[in-house]
Each structure stands twice: as C-alpha cells, then as structure tokens.
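To keep things simple, chains are lettered A, B and C as they appear, and every chain counts its residues starting from 1.
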Amino acid sequence: MEKLSKTSKLYLTFVMVVLYAPIFFLIFYSFNSGGSMTNFKSFTLTHYKAIFEDDRLMVILINTIIVALLSALLSTVIGTLGAIGIKSIRNRKFRNTILSMNNVLIVSPDVIIGASFLILFTMVGIKLGFLSVLLAHIAFSIPIVVIMVLPKLNEMSNSLIDAAKDLGASKRDILTRVILPYIKPGIFAGFFMALTYSLDDFAVTFFVTGNGFSTLSVEIYSMARAGVSLTINALSGLVFFVTIILVLGYHFLTLRKTKGVRN
Amino acid sequence: MSENTIISFDNVSKSYSDGTVVLKNVSFELERGKFYTLLGPSGCGKTTILRLIAGFIEATQGDIFFNGKKINHVPANERQVNTVFQDYALFPHLNVFENVAFGLRIQKISETDIKRRVEEALKFVNLIGYGVREIQEMSGGQRQRVAIARAIVNDPEIILLDEPLSALDLKLRTEMQYELRELQQRLGKTFIFVTHDQEEALAMSDEIFVLNEGNIEQSGTPVDIYDEPINRFVADFIGESNIISGIMEQDFVVSINGKPFECVDQGLNPHEKIDIVIRPEDLEVTTVDKGKFVVTVDSQLFRGVHYELSTYDEAGNEWLVHSLKQADVGAKIGLNFDPEAIHIMRLNESEEDFDARLESYGEDPDEK
Amino acid sequence: MKNKGNVFSLIPYYAWIILFVIAPIILVGYYSLLDLDGHFTLMNYKQFFTSVYLQMTLSSFWYAFLITFFTLLISYPTAYLITKLKHKQLWLILIIIPSWINLLLKTYAFIGIFGNKGPINSFFNWIGLGDQQILFTSFSFVFVSVYIFIPFMILPIYNSLDKLNPALMDAAKDLGASRLTTFRRVIIPLTADGIKAGIQAVFIPALSLFMITRLIAGNKVITLGTAIEQQFLVTQNWGMGSTIAVFLIIVMFIIMFLTGSKEKGEARNGKTK
C-alpha cells in the first residue's frame, strides 16, 4: 500500500468536509434558540420538543414509517420471489428481456415514475392517498430488491440444489432449507434498500399523494418552500440520528454474517 | 439380470432440446459392492450417466433399473443414491455437522439418532471434532471428506462421485485415492466414480468403463484395459502407447512397415489391416545390430524413474521409448521387444467380438 | 424438469411488470396524444418543437451536462484515493451516509448556507467582497446538484476501481509506462464501465430534477423535470406533460444504450433522485 501524498489527503478531507458540512450545519442550528439559521443565540431543545408536540407532524412521521415498513416488506416478498423465478427462466432472451424491464424503474427519473403512476392511479380509479402512495412505493422498490437478491442467486452453484435433491429434499425443503438461507443477506440488503428508498422518496410521493395524506419528504418540501423553519433542522437531527443507527445496525448485521458467527 | 445387479442401463440415450446427443444407446449392468469408474475425456457422457443414476436428469430413451425396478421417473430425492459433487456442493450457510445432518433432518430422524449417525460418519472420514467448524474454515481436502460423510451418512446403496479429486493438488489427490478405495471396501457399498484421469481410474477401480462421444468403448478391469485396449482411442487414452497401422499376415505374424514380426494373436483374416499397440515400457533399447528395428533418437526427457525417448523409424513413425539408460540425441539405436508386447486391435471391432477373440487365446498361458 | 413452484412465484412479479412498468409507459404515450379536452391531437408534439420548449430542453441538457461533468471531476479522484486507503470500506460508508440523509433536508441546508446572512456571505463580507446573491442563481443550482450526486458517482467508480487487478498497474509500469500513461491507457479504460454507470446515475436524474430547481434556483433554471411537474400539478395539462415525459423517456433509453455496460446493474447500488 503506497502512502498517500499530502495533497491527496487534503483533497479527501476537503471532499469529506463538503459532504458533511451541510448536515452538521443543519443540526447545529437545530439547537438555536434564535429563529433562523444565521446567528446562534443559545442552546435549546425547543425545536425538538416542537416536533413531538405537533400532532400533525407526528401523524406524518408515523405515516412515513408505516408506508416505508409496509412497502419494504411487500416489495421484498414480491421481489425475492421474482428473483427466484427469473433465475429459473431457461430461455436466455426472455430472461434478459425481463431483466431489462426490471431495470426500467431503476433508471427512470422520479418525475416520470410519479407522473405515469399518477395517470395510472387516476385511470384505474384508485383514490390518491395512503393506498396510492403505498402502491407506488412497493412498485419502485421491487426492482431494487430483485437487483439485490439476484447476484446472491447467481452466485449459488446449481450443484447445491442438486445436492439437496440428492439428500432427499423436496422442492419445499430446497426453498426453505437451501435457497432462502443462502440468499438471506441479499434479501436483507434488499429490504434495507427498499426501506431507505421509501423513506427518502420525495418526487414520486409528491405526484401520487392526495390532499389528506403526506409523508415527511413532502411535508419538508412544503415547509421549506414557505421559508426557513428550525423545526426542519430538528427533523434533520432526528433523521441523521436514525440513519446512523440504521447504518450501524445494518453494518453490524452484515459484518456478523461475513464473519460467520453462528450457532 | 443377475441377483447381484444393482444398476442396469437398457439402451439408454440422452439428448437435449438443442439436438446435442450426449449418450447413445448405452447398456450395462453394475454389480453390488464394487468400485466402478467411468473414464473418458470431457463431453464423453460420463457425468451424464452419473446424473441419470442420481435422478437429476431423465433419459430420452431406454430404461434404467435399480435393484430390478425401473426408476426412469423416480425423482432424485426419492432415490437411495447419494452424490459427492465435483465442487463438493457443501451448504455454506451450515456448519460441518449440519451439512452432514442435512439428509437425516429431511427424513425427520430423531435428534439423538442424528447426532450418533453424523458423528459416526465424521469418524469414518477422520473428521472427529470438526462438527462445529464452518465450511469456510475447512481446507480443500477436509471439505472433500465432509462431502463424503454427507453422502455416506444416509446409508445409500450407491455412492456417486463426480470427479471429486480434481480440485485437489497432486499429493493430496494420491492420498485420497487410497482413502477412497479403502473407504469403499470398508463400507462395502457400490461406488461409481467419474474421472478423466486415467491414472486415478487404474489405481482405484474394480472395473472401468471407458467412454467416448456418448458410447462405452470398453469395460473391464484396469489390467485388462491397460493390457488389451480394444481400439486406438482406448489405447491412446489409457497410459502412453505407440499406436501404428499394420497388417496381420497370418496367425502369429504381423507386419509393420512391411517387416514381419512374431506375435501371439491368431484367428484373424489373412492380410487384414489392423492397429498395433506397443507400450513404451515394453520397448527395450539395444545396439543397432541387435534390434528388431532401428530408430533415430529425436529428443529425450528425464522423467525421474526413466528416460523418455522420442524416436523415429525410417518410415517416419514416432516411437516413444521408456528406457532406464540415457541415449544420445541424434544417435541410431536398436529397439527390441517380446512377441507378447505386440497387441493387435481389429478395426471397428465390437466389444463382444473383442472379448470372444481374447477368450479364444485362453489356452495360451501368457495371455491374461 | 420445470419447477412449477417457480411459475407461481413469478405471478405477482409479472403482474408488477405489466401494471407498473409497461402500463405506465403506454399511458404516458397515450396521454401525450390527447389535448386538454381528451381529443386525439398532435398539437402537444407541435408545441414541443417550438423555440420555447426547445430552448428549455437545450438548457436542461446543458445543466445536466455541467452537473455530470463536475460530479465526475470531483468523484473520480475521490474514488481513486479511497481505494488506496487502509480502511477503504469504512471510508466508503462515510461517503454513502450523506446520500442516505433525506434529499430535501440536504437541499434545505443550502437555503441557510447560501442565504443572504448565511456563512458563505459572512465569509465574503469578512474578506471584503460584500454580500453576494448566491441563492436563486444557476451557480447554486449546479453546486447543490453536484453535492447531491457525488456519492452516486463515487460508488460505481469505486467498485470498478476496486475490482482492478493491481498486477495490471505493475505490468504497465514494468512495460515502461509512466504514471500518467498507466492512468490514461490502463486505469481509465478498465474503469470505463464504472464511469458509464456513474454518468447514467447522474445525467438522467439531473435532466429531471425539479425539487432543487424550485428550492434553490428559484425560477432561474427550468429543467425538463420542472416542466413536467408544472404541466401535471400546476397547469393540469397532462397531455403536454406526457409529451415532455415521452421525450425524456426516449432520451433515457438513448443514454442507457450509450452507457450500457456488459454487467448491467452490477455497478449501480446508488440511489438516484
């Protein structure tokens, strides 16, 4: 390993500082007793308290979490089954076509997804609100789960399936005792990705949500359009905190997996 | 079909939807408790036979019998056959114990029995105390043993081994050859071993099936196959050999390059065109005047036990010679051999006719 | 040998493809042919090819290009340097974490940072430049976009750099290549797939951003995305909105085709907005 030069180190530090400065900037002012992001008067937790006292915001927060968990769960089930199905498609051409279809929503700009889903839901007659948002989130999370699970499936040697059959396993046994345990890291990764996609989504939700239903992103957008509000800063603090916990939790999980600590 | 027959193939063919034929009308019977080897180059159909017996694929034509019962459509998980895979196919999410216990758990056997049988199997392959290890922590040779333990623990009637030694280094491979052979004898089960390595086949088997392009070229004991290859392919594939065209002038006389030599074969048509095999170790280096024929040494390699000489006769045929003595490159030397060293192969002879012909030499004590 | 269980497992997935992949594209195509009263018309397309829309498209492309260019310029060296670090996995996670913070929050931060009394302007005042209008300029738009996209560009490039066999660098050196030549002739071509994936992950979303344009650029910059949002949610002219969307979908397919790598989807783990 060659030593990095001073310039290189400086450059990396600079990039890191730029990446984190806005986040810490936000969190710093979330403790400001003054009303703006300009001069720091004194330390306070009022803005955090305000979040928990604001019933509307709390409902939105719970909505966001429910949508995220539900959509991640359902898209993980559908995506995992889909990935297993895709793997079993023998016809190469057909499989590649399906895979390209799978990737369409991943590369599509959110605006397109949002606009087209808006048309779809209106045509089918689904009321814009919780259901439309949930369906949209499931829809854009499925391909991500597939993308996370497929490599694990591809990595699995066919002889493992043969070996299980050889040892007397039925199709059900093969799925529950061999395939699912093997691709478990992929499924978890898919679930986490779906969760963060859902929590993070703004544009699609913005299009397909009705008047009565809102998620955190949409709410922040309308708050931010109205001007600076330190409640948003406090929200950032919370989100950052939760994200770090999620990251650490996920990292810990995968680390444990790779180290192979099992009983 | 004798009572001792465990597996029999009756005119079995296998082809795939894209039209490739991997097995052509193959028929054979395997006896209980023997060590069989399916030997051939890649693509010869040996693994196909194994997968047909295991039940991973179904025959396109013909019938497969197990203990006299037709098993064409019996799925793999209902056959009393277990496989040791080429890549071992050990489950990476399970530890050694659970890998071995996999089949038993499927059968819903009681926990105490599972524990007893897994430990027995691990003991059999010299892996006592390794149960709690992860597969990733095991070396190649150890994984190999786990794979074997996982197969034998289910007490199958047949154990199939799909090139299980190919991933090991030379030294370990030789060791495992001894161990596998010994294991088979202790267990008394039928082993069907697939390999492309002729040395492995010769060392371990009771009987070898040499396959080529979806056909069985020859079957027999290692000694039979080495000493009496049926045709050019087998002679070339098993061991090193000098294969050359010749003419059977009359009984006990064969001519090579128009020059007559004494041999021990009889009963062929006079002046029949034939192939002749002389193994390099059967050729003896001597002086020009004492040799049955004269060759020029082209190159020479030291092989440890012997020198391997590449030589050419006047007609330009190459002769490989294993000699204990060094020769001078470029020098002319004489080559000598016994009449028994000449092995005659009729062109396109079927295995049946071949066996009958060898049978007829029976009275000659030098043969067999 | 077909596994019947797998056929059933695909039913919800196929339903998803039909309902949420194929149907939406067809619907967008269908709506682009409708006028405000729901009659078939080609007016939307005619209108799209007028100077107003073409100019907007052109400027949208120009900004997307600028954003992609600067993102790549900053990300490539960063990814390269990270692969040289001892705890590279940890550093990579540090790079990714900001991308997991809600996009809106990060954008919102810049309203404060670039604001009239924000830290940047205080700095300008301190060095005697006086107050500058940063917010609601095209500069702030490009800057914030680049900031948002950096992690998505670093990730695929890092992956392709990390896969490089170090022996290749030694081989190049051994064959007499200078560091620059090695970089230009060996490293860049071998990480082309990562670069392409990164460009794909940045360029398409950059064309369709609308939230940053609204919050940061005021109405100084109008991207294709802003136009679609405007047509759908403000003017309620779904036909025109769909026409722009059709154009964006076509562009997307062209870029996917141009930057298509042999290993589809592998280098892409990043999220894009």
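Convention: contacts are C-beta pairs under 8 Å (C-beta built on N, C-alpha and C of every residue); 3 or more make two chains touch, one makes a residue touch a chain.
Please read all numbers here as calculations on a predicted model, not as lab measurements.
Asks: Could you tell me which chain's Cα centre is nearest to the average position of every protein Cα atom shown?
Replies: Smallest offset from the overall C-alpha mean is found for A.
Asks: Looking at chain pairs A-C and A-B, which one is connected by more C-beta pairs in contact?
Replies: A-C
Asks: Distance between chain B and chain C based on Cα centroids, please, to the nearest Å.
Replies: Those two chain centres are 60 Å apart.
Asks: Starting from the mean Cα coordinates of chain A and chain C, work out the distance between those two points in Å.
Replies: About 17 Å, centre to centre.
Asks: Taking each chain's centre as the mean position of its Cα atoms, how many Å separate chain A from chain B?
Replies: Whole-Å distance between the two chain centres: 56.
Asks: Two or more other chains touching the same residue: where does that happen in chain A?
Replies: Expected reply: no residues.
Asks: Tell me, which residues of chain B touch at least two other chains?
Replies: In chain B, no residue touches at least two other chains, as defined above.
Asks: Considering only the defined contacts, which chain A positions touch chain C in the complex?
Replies: Contact set of chain A toward chain C: 1-2, 4, 8, 11-12, 15-16, 18-23, 25-26, 29, 36-39, 78-79, 81-82, 84-86, 88, 98-113, 115-120, 123, 139, 142, 146-147, 151, 171-172, 175, 193, 196-197, 199-200, 202-203, 206-207, 216-217, 220-221, 224-225, 228, 232, 235-236, 239-240, 243-244, 246-247, 251.
Asks: Please name which positions on chain C make contact with chain A in the complex.
Replies: Its residues touching chain A are 3, 5-7, 9-10, 12-13, 16-17, 19-25, 27-28, 31, 74, 77-78, 81-82, 84-86, 91, 93-95, 97-98, 100-113, 115, 117-119, 147, 150-151, 200, 204-205, 207-208, 210-211, 214-215, 224-225, 228-229, 232-233, 238, 241-242, 245, 248-249, 252, 256, 264-266, 268, 271-273.
Asks: Which part of chain A faces chain B closely enough to touch in the complex?
Replies: 157, 159-160, 162-170, 173, 177-178, 181-182, 184, 260, 262
Asks: Can you tell me which positions in chain B touch chain A when the two form their complex?
Replies: Result: residues 54-56, 75-78, 81-83, 85-87, 89-95, 102-103, 105-107, 134, 136-137, 150, 154 of chain B touch chain A.
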